[in-house]
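These notes open a run of structures that come right after.
Consider the two complexes below, in which chain A is the common component and chain B and chain C are the respective partners.
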Partner chain A sequence: MNVSSSSGPAAVETQAGPAISSVTLPNGMQVVVIPDHRTPVVTHMVWYRNGSADDPLGKSGIAHFLEHLMFKGTEKHPQGAFSDKVTELGGQENAFTSLDYTAYFQRVAREHLRTMMEFEADRMTGLVLSDDVVAPERDVVLEERRMRTETDPGAQLGEAVSAALFAHHPYGTPIIGWMHEIEDLDREDALAYYRRFYTPENAILVVAGDVTTEEVVAHAEATYGRIPPRGEAPVRRRPKEPEIRAARIVKLADPKVEQPSLQRCWIVPSYTTAAPGEAEALEVMLQILSAPQTGRLHKRLVLDKRIAVAAGGWYQSTAVDPSRLLLYAVPLPGTDLDTLGTALDEVVAELARDGVTDKELQRAKTRLVADAAYAQDSQASLARMYGSALATGSSIADVEHWPEAVEAVTAADVMEAAKKLDPRRAVTGQLLKDEAA
Partner chain B sequence: MNVSSSSGPAAVETQAGPAISSVTLPNGMQVVVIPDHRTPVVTHMVWYRNGSADDPLGKSGIAHFLEHLMFKGTEKHPQGAFSDKVTELGGQENAFTSLDYTAYFQRVAREHLRTMMEFEADRMTGLVLSDDVVAPERDVVLEERRMRTETDPGAQLGEAVSAALFAHHPYGTPIIGWMHEIEDLDREDALAYYRRFYTPENAILVVAGDVTTEEVVAHAEATYGRIPPRGEAPVRRRPKEPEIRAARIVKLADPKVEQPSLQRCWIVPSYTTAAPGEAEALEVMLQILSAPQTGRLHKRLVLDKRIAVAAGGWYQSTAVDPSRLLLYAVPLPGTDLDTLGTALDEVVAELARDGVTDKELQRAKTRLVADAAYAQDSQASLARMYGSALATGSSIADVEHWPEAVEAVTAADVMEAAKKLDPRRAVTGQLLKDEAA
Partner chain C sequence: MNAPRATTKPARYADRIRRVTSASGIEAWLVEDYTVPIVALEFRIEGGAVQDPADKPGTAYLLSGLIDEGAGPYDSTAFHERLDDFAIELNFGADRDGFSGTLRTLAKHRGEAFEMLRLAVNEARLDEEPIERVRAQIAAGLRHESTDPDVMANRAWFETAFAGHPYARPTKGTLETLPLIGREDLVAFRARVLARSDLKIGVVGAIDADTLARELDRVFGDLPARAHRTEVSFGAPAGLGTRKVIDFDIPQASIRFGGPSIRRNDPDWLAAVVVNHILGGGAFSSRLFREVREKRGLAYSVYSQLAPFEHGSIFVGGTSTKNERAAESLAIIEAEIASLAEKGPTDEELATAKKYLTGSYALRFDTSTKLAGQLVQIQADDLGIDYMDRRNDLVNAVTAEDARRTAQRLFGDGRIFTTVVGRPVGL
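Here is the complex of A and B:
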């Protein structure tokens, strides 16, 4: 067993956070303990290093479908037993599938941690699936897709924009999967995927709460530790994205659209793929552009030019592969989307050309670091911050030293980051009201 | 051995062409003989039912790369021996890789057919590859890509448009492969691909020329017939395309562009996937829209409106999976591409709304059938017509009865076909001169 405390003096100096420990069990499962003694509660999460971007070709949606099926019971605990137990203990549970990971979590009183571990360890290898449960659950997922995407023009545009942005890489495929591929997913697909990825080597246990490393490790050894190792960690096989040298515009006009909108996206480095400081510079730049009320997009498009009712952005920085950065604007009636797009480009170009003021830079950094600190106030989001970072290839130290890395971003770094947002390489989404229909 | 003559009375009635035979050797290889006694020459082609769309994920370009490597020699015939022999015999040779197939052909005097078969059969299983020949040939392919695509804005736009049109299906990947994936192709990739697809079950021999079925089959049995069967035909594994409900516009502006242009593409059924008559209706419709001088696009955009210097279209009808139809227009100086696109849409909408005249319909059909008849005048294109049809899942009878199927297309069918070209689902390519740079 390999125990290491990652919280060195540097981290303690800059962040008065908990001393986070990481332990690797002999079967390869990583155990991360985040002390949080404010309430007698624990958040118990198991993260698997596989998400929708690891769906085999032609089997899109299988990661998400399996997440649903993981609630179908094991030989030891029939369907519903785990959820009933959580409810009986007054706890909460959930699960989520992302592009790069799948995670299961429960929040219970601290004395029930061991019970959660027993149940969760049991379903890591003991899942029982019959066609009787698989087919109806597939209908549930199909209905979920129908409700969320098929009938929502904004969601349809989002899928088309993602597919255009990632021409080759599976980040272009929706997490829930393409309708026609979900329809074909069956028990064998689910079990093959389960056997490939649900192994101790591929899992990360994150426990945040009123616990010590010693007791978590002892419980983990007695539960997860009994699962035999597979021998090697599963490998993510993903094609790399080619460099598409063209601007792409995706337009969707639908009578159901009440509010037109514009988005521009780019593929940019993620924390995992970026050079040192590069992702932090993108975060700071995005903050300067898109912060509510004070961001430049809001100031220029909403306040000065009065052509938008809202404007902002988003950067999916936690990702295994190069990821996406998105800017958006919602037009005031009478503003066409091309005009809005040009105005948005000008805001970015100005940032790349003229840079930022010291005050703007400092405000952006302060806000970023403060937001991260506030997020840690919730035990679940604290656990989630570490889990998502570890599941995408970052380390505990990366998370702990992140505030320093943000502080180190210079005005020149921000200008460089803004230069990445070249309109000639952007993918633009235009959501329009179809007046004719 | 299973011999069948596919040229039934119906075909003889409508087309005074040769009686084409198809034979399947015991090892699964199909042998097609197309008598053509006009000159004492034969065209010898071997078609494999695998093309770039069968490249394994992350290994784009392997079908095309292997096509290059197939000239690197076998134990029996070292590198250059086959080509030297063709030259010595006064013949011609070539090879090509398409989305759905790879083919090798030689054209020689009839008495050398057996020699060609011996060489071609030898390299179906006897290819010898060393790293010494693989690495330099990969550089050749990389240079080919650099020359054709990397430095040509039109080719770059074409790749981006294809990638946008086929978001998921491998028809969106260039035949030559993505640069970064070609760079990683190695000897093992080539041999694994070779072993998977270069089998008698996956091959079609097409011989057109001054030969009889009996002699071709006798030669084939003595050469290809000696290759042991693999046991089963390789399977093409391709994801299906989701229905993307958005218009997509791909813009590329480059200082090197001399002539801007506009293209609109749609995914439409191919002969293999279409309902009976549907692909023929698309062909007739395309003819009506895009025939040189007489097509509606030329008439409306070039002659009437004087906004284009050229306009036309293209339909990739021979394909295993749903395929593409493309319309294009080249603007007169002073016409912007959005205006041109709207005018193009109006021509299509008019066809879908108001239909065609009998005269227009008949002229389109006559021309289509005549073009196909003219193509058969060349032995190589005759052989190619059958080879490509068979390699994508059509039958000899389909090819033979095609003129009748075209004649059966009605004005209503053409209107239906035109309705498939919905601008709200189109992928548009805009090639622009970058004046700023």
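Here is the complex of A and C:
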């Protein structure tokens, strides 16, 4: 990773990062290799360019449910055989589903990479599902939803806020799916979804670790490479979000809420949809607002006004479609959420109106760019960083040049980015105690 | 190009770990490595929440939140701005048994980073403003957690199982005790506990031994030589064979279960690790995972783990399952524990567990931060600088008889103490 140098005490000088390479197999599967020779282990990941936002209408949760079902065995390797092999080799494995992608990974000693590739390639096309395994696994997913959402008012508010923010686009539907739709998902739904998306053209292999490009490509050709191509990659068919010119307030009051909180969110460009530099400016702007102890929200709401115990935010920048940016604040006892919201708006408006100091700007960039350097310490983090970027439409070069793009953000860019956070179009979430109950 | 590259036998870990001793006698274990231009440091001092005054639980935790809230010439804001200006990551924490800190810095800012660590460790100001602010933050967290079923089940488990022992007290304190902790309590705790005795340090990255030795003296050299900890008795969980149900209006029951375990320095420790792995360890092959999740779909998460606390070693586990099937889940968990206690694992389970535990060992320290933590843990457990090389042989040496004996020692007659939060049917 080449990082441009700049002035200031924390300027990041050019530092050699791993030499990432990428090739595409004849069947269309992309292969990415990230060398890390410090320990004789590898992280093997396969990413599919489909996530919950590609669930068919009325079948919410199918991407995530299929991810669970992918552990149920194939014609060649019956249920448990893959996991037993991973365990026997002393490996770790898991999978995750996001809005835009689904990924499977194993971490093993380097000499077992080929074995993992054989098993993972096999389950790209060989999945076998019977109702006997589908039914209990659906119960597992329902318990997962109960654990994460049905017992947590904060999570329920989060779902309602997302549904309000994305009135039409599927980012408004929870990744795990709505309870009543998960209950109806069956074997056929899973297989139909599987056949549509689990293809070499739709997959990205990411291998990070103590390997060379040549050996990974050779193994990939002998495993994934044998899967016949489908002719073209599946198309993501998603409705576009309309421009909604309204502020929306979503309130959830529950007797279980002992600590109220406030969130405001907006739809903003993602790395994939943004103009050059636009998403980086949003990142820098957010860092200036929300850095844990030095951000403006903390300084104004927590330190100066003493109306909040904490304040911050996040930006889901790695996404196929326009995505969300969220700010939050947790009130001190005695502060009502409307007052807190007004104060939060003032901090944002001030940034949009008066801009930033050079010191603030440099501090935010330093902190962001350092994350790219720290990421080099973890092959698993690097694999995730590249996998998620590629699965959402960014390129390897985009990731490699990200530090330079961050360094190029100007004070004027930050002001422009802050103007995107218009309170007249924000969706506000209020988590409140239901005092009447 | 089809043949995998010949596997080079990894060098012994012990050859890479260097014991660095400073002029004033402070020891750290160092793995010098310039592959990535960063330095990671972790330290741990014995004496965490267990050293809180009996009427002021949460003291250590509050102190850990204040150590980086202004030190030396810098007030809280200036301190954090300086950390951000150099992209230095500095964090402190307190758990039941210890007070710890982690530092991560780009190699080129190492000097600034160690200076910030020195200031925090020695000259934390403990100003009134951050005390009240951090206290309010912890209180907000406590309010939030007070209706989190998982946290509720865990707190109830420790309160009852360790009644009368410091482990019954919550690490973060309570909404009632938090306001009682004054600046003088924080100062007293710091003076009593933060000392060079029982200080363990692990360092990984772009730093040589001589430089580290000098930095060790600079950062830790002015700490008092000896801590003055209160004696803490060894506790064992009570209530075995009983259940405590806490009524809470949610559709799913959150369950915590556990019992006594053996200590970290027990000769059967690694046999216990093997047995626990078979019962409910991390892999998809554990008995609890297979019986509770995979076969019956009763839960998303089900696990057990060993918690070798300094003053009371336990095993604990948990799951969350809908109220209507909570009794069924718990019956299966109890049956699996009883069966392991009575018969021990099968030969196949034993062999698989050993393969997993030995094969996955290296994955535990594949980053600088994780390796630094591992170096601290091995020192704290007094296992010797060559432990990482010996550990897999020790796991492989666990026999079927060892596993059976240890399962019996761990689970006895199979009785456990259980807390349940929710509206479980039939419990």
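In this text, the second predicted complex is superposed on the first by the 422 of 437 C-alpha atoms of A that agree within 3 Å, B and C clash if a C-alpha of one lies under 4 Å from a C-alpha of the other, contacts with A are read in each partner's own complex, and residues count from 1 in each chain.
One rule holds in what follows: a contact is a pair of C-beta atoms (placed from the backbone, for glycine too) under 8 Å apart; a residue touches a chain by one contact, two chains touch by 3 or more.
Since we're looking at a predicted model, the values are computed, not measured.
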* Asked: According to the contact criterion defined above, which of chain B and chain C contacts more residues of chain A?
  -> C
* chain B versus chain C as contact partner of A:373, first or second or both or neither -> second
* If you stack the two complexes on chain A, which partner ends up touching A:240: first (chain B), second (chain C), both, or neither? -> first
* Applying the touch criterion given at the start, work out whether A:172 contacts chain B, chain C, both or neither, answering first, second, both or neither. => first
* Asked: Which partner does A:415 contact after superposing on A: first (chain B), second (chain C), both, neither?
  -> neither
* To do: Applying the touch criterion given at the start, work out whether A:95 contacts chain B, chain C, both or neither, answering first, second, both or neither.
  => neither
* To do: Name the residues of chain A shared by its contacts with chain B and its contacts with chain C.
  => none
* Asked: Which residues, counting only chain A, touch chain C once they are in their complex?
  -> 9-10, 12-13, 15, 37-41, 71, 80, 83-84, 86-93, 107-111, 113-114, 135-144, 146-147, 150-152, 211-212, 214-215, 217-219, 222, 255-259, 291, 293-294, 299, 302-303, 309-310, 330, 332, 362-363, 366-367, 369-370, 373-374, 376-380
* Structure fact -> Listed in rising order, chain B residues that touch chain A in their complex are 57-58, 60, 156-157, 159-160, 163-164, 167-168, 172-173, 178-181, 237-240, 242-253, 424, 434
* Structure fact -> The answer for chain C against chain A in the complex is residues 1-2, 4-5, 7-8, 10, 33, 35-38, 40, 76-77, 80-81, 83-87, 89, 104, 106, 108-109, 133, 136-137, 139-141, 143-144, 146-149, 249-252, 254, 282-285, 293-301, 320-322, 352, 355-363, 365-369
